[in-house]
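Pasting in a structure now, in structure tokens, and then I'll have a few things to ask.
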Amino acid sequence: MSLLAVQFAPFPQITREALPLLPKTLVEWLLAGFGAPEWLVLIAGFLVAAATVVGVFAGGFALLSLVERKTLARAQNRIGPNRAGWFGILQPVADGIKMLTKEDIVPAKAEKLLHLLAPIMIVVPSILALGVIPYGREWIPVPLELGLLFFFAVGAMTEVSIFMAGWASGSKFPMLGAMRAISQMVSYELPLMICALGVVMVSGTLSLPDIVDKQGGFHLGFIPAWNLFTPWGLVAGLLFYVCSIAEANRCPFDLPEGESEIVAGHMTEYSGFKYALFFMGEYLGLFAISGLGITLFLGGWQAPLPGLDFVPSWIWFFAKLCAVIFSFLWIRATFPRVRIDQLMRFAWLCMIPMALLTLPAAAIWHFTGRGFLSWVVTVPLLLIPWVIITVIYNKRLAPTLRTYHFAE
Amino acid sequence: MIPLLILTPLILLAALGAVWKARPVHAALLLALTLALNAILYLVLSADFIGLIQFMVYVGAVAVLIVFSLLITRPGDEAEEIARRPRSLVTGLACSLPVLAVMLFIVSRFENAGQAVADARSVSIEQLGTTLFTTHAPAVMAVGVLLTAVMIGAALFAREPGKKTQTPSDS
Amino acid sequence: MTPLAMLLTLSSLMFTLGLLAVLTRRNAILVLVGIELMLNAANINFIGFWRYGPSDPALTGPMFVLFSIAIAAAEAAVGLAIILMVFRHTRSTDLNKLDSLHG
Amino acid sequence: MNQNTTIERLPAPRKPGRWSIPGWGLLQGLAVTGRNMVESYYKKERMTTIQYPEERAPISPNFRNFPFLVYDTDPAADLRCTACSICEKECPPQCIYIVLDRDENGKSLKRPKVFDIDLSVCMNCGICAEVCPFDSIYMDGEYELSTDDRFGGLLFGLDRLAKSADYHMKLRPEQATEVMARRKAEEEKKAAAAAAKLAKAKADAEAKAKAAAEVKTEEKGESE
């Protein structure tokens, strides 16, 4: 009887831009039609929007775990997983079933509660961080005014959870892995933030959608006005890229879980579903930090060439995301792991000074009108550390002819 | 008001745990929890920027730093700590309870005067930045000098004596 | 109880807890934990007074908290560096054992 | 070798006096893997993967696994093994168990009644194949032997051990040809010897008959 009294408003028009918001719109429309109170509609809409983002990236995680193995295989002239389903497309499902059905082992010396909490707390910040990134012109899950700050603030939680994982396991390898991970993440967070600061200075806002808006338009009619195509933005972007590899614990900075040295780092004592959660947190973190890099330097959802606006903006975002993730895979396939002292020295003696130099460069860029004069002033400024590094590299660090005294 | 009512006991419980727990790492983790809840309290009080900064600096840096130095140094014996507790607690309470009494007394007197209750006050990031670099510019410079000095000082302190080329530790 | 009074009570309780930690703990790092608690208690006061007190265009409350956070971070860094150095000398962070200046 | 040996590696060591750009090596490395990624899609010789259950790598004639017994035509009657028990005695882990087949009178039939090899004990040394004087036991090329029955599934009896000489020929043509040639020669020799013996026996018999006949006639003559 009450169903008959349901009053459905006409379904709102769905444009291609707002296509990812379809579930949210649908749920809101249904609830409103059934006469739900306004707060319920609001909350349900938020929940569904959040679920959309989480769903998309959980699917992305599953797909990436397959694509990563395929790409690594191809880089080593192998085929990669091709048994489960068509071209191995069901491999993530098989992996997931395997992970879920495995025994959940908790070491006798472990702190039970912290051991349980750590994998959960490692996924949560990644998901929270994914919430503030603008994926499209209209697809912004949470348009925060302090989006960038929020991103870094929740990112700080990862370190605590890694420490919890390492310490609660009650054995040596996790402890060593956690210590490595924390020192690495603390060291690389600094240049990461400094690189992002340059963008904030030039854009004059901490809101990620606004930062993307500021990168709209084209120079000379075809060069997109992204931050990457400015001298300071190029340097900051590259540094940001390197730092994000380290923050995401990816090869060649995957010391915290260096298999050949400390088994699996802080994840050593985990099995089954908790282990899968660690992996999920890691990959979601990778998505989040790549998304942030795209937002800050690669123009977010802006099209790369004029006249391509008929493609929905979120497709551009995900195309850029795929490209960035592929570059991560390529780097993983290529480079060997660095040593811990090399890693720390690189962070403190190379990354941070270079990142600090991008700040005055960005300021000069902003106050000299972003024209020819800006190029003339900022390019030499940014080249200084490069020249210094080249000299040091060639004078002291470069590998020369190796002499083996005791080898045959 | 309701978020405050929920948060306040949580913060107090976490702080109590940080003070009470005998195992140093537990205390440090509970400190991190206290600080995080504090950040949420700031968010509830519509001081968004301060809340996020609190989260970033305290949870991301200070708590991690404390936890990290707990790992490097070997914490003392827990049993000893617990055994010593009754005696130290007496002195501790004897010193801190009067302080608490004084403070609570002032608060209870203050309540009568506290009439000006603003219902909604938030601050935009532009406002904050402008105030920071105009009214409080000397303080910003002072803090900048302080932080630089601290960075150099901490690096010098933490350097292993006897080694010339040591990477500065994270501080 | 007004929200401000509640915040002030919270802050005084937290300050007392911090003080208690400083007075009773013997591990130098945990003394630092108590100091952090006390600093945060003070910060709660500042935010509370800004939020529920009279309007202030200079934003003294949040500004003070901002500086306080910066200084607390600096203090933690230097404090821990000193503790590490002490640990390197004496192989202990127990404050009771650091009595070589007793005379 | 002198003491300071230099090992040449890729990339070529930097020559003194030539400046290099930091990061150039990284790009070179990326180029290598990038080329792998692209070329593996169209260059057949890059992909060396063999898709195991469908495709198999050809096994080398020298590949050896667990032993098997050879028969020429019929596994029941024509086993080369004579149950001499040399392999049983030589086997280092003692994984071979042989019972000689006898008829009801207790006479040896020169063939095994039971011939068991416990593959979970066998260490693939090939000594049994080396010592066998009857070319009967050889090392197999079979490697898909996994089973869910730990004891029975790996205890191979005559039914699973006996394989034809053709199989041997296919598995290890060189060795089998040589063996077959030798056996044939031996058989021919044996046949020749047998024929010679037969002829001799015949001759003997004839001689005997003749002698007997002579004796008979003599007796006859005497009696007459």
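Letters A, B, C and D name the chains as they come in the text, with residue numbers starting at 1 for each one.
One rule holds for everything that comes next: a residue touches a chain if its C-beta (ideal position, glycine included) is under 8 Å from a C-beta of that chain, and two chains touch if they have at least 3 such contacts.
Worth saying up front: this structure is predicted, and the values here are computed from it rather than measured.
Chain closest to the overall centre, judged by the mean of its C-alpha atoms against the mean of all protein C-alpha atoms: A.
Work out the mean CA point of chain B and of chain D, and you get 78 Å between them.
Averaged C-alpha coordinates put the centre of chain C at 81 Å from the centre of chain D.
The centroid of the Cα atoms in chain A and the matching centroid in chain B are 29 Å apart.
Rounded to whole angstrom, the centroid-to-centroid distance between chain A and chain C, based on C-alpha atoms, equals 34 Å. Counting partner chains per residue, chain D shows two or more touched chains at no residue at all.
Not a single residue in chain C touches at least two other chains. Contact with two or more other chains is made by residues 49, 53, 61, 65 of chain B.
Taken as a contact graph, with one node per protein chain and an edge wherever two chains touch, the assembly forms an open path, each chain linked only to its neighbours along a line. All chain pairs in contact, by the document's touch criterion: A-B, A-D, B-C.
Contacts from chain D toward chain A in the complex involve residues 1, 3-7, 9, 13-14, 16, 19-22, 26, 29-30, 32-34, 36-37, 40-41, 46-49, 51.
Of all the residues in chain B, the ones that touch chain A in their complex are 25, 29, 32, 36, 39, 48-49, 52-53, 55-56, 59-61, 63-65, 67-68, 71, 124-125, 167-168, 170. Those residues of chain C that touch chain B in the shared complex are 1-10, 12-21, 23-27, 29-30, 32-34, 36-37, 40, 43-44, 47-48, 50-55, 57-59, 62-63, 65-67, 69-74, 76-78, 80-85, 87-88, 91-94.
On the side of chain A, the complex with chain D involves touching residues 71, 74-79, 330-331, 333-335, 389-390, 393-394, 398-405, 407-408.
Per the touch definition, chain A reaches chain B in the complex via residues 114, 145-146, 149-150, 152-157, 159-160, 163-164, 167, 175, 178-179, 182-183, 186-187, 189, 205-206, 341, 344-345, 348-349.
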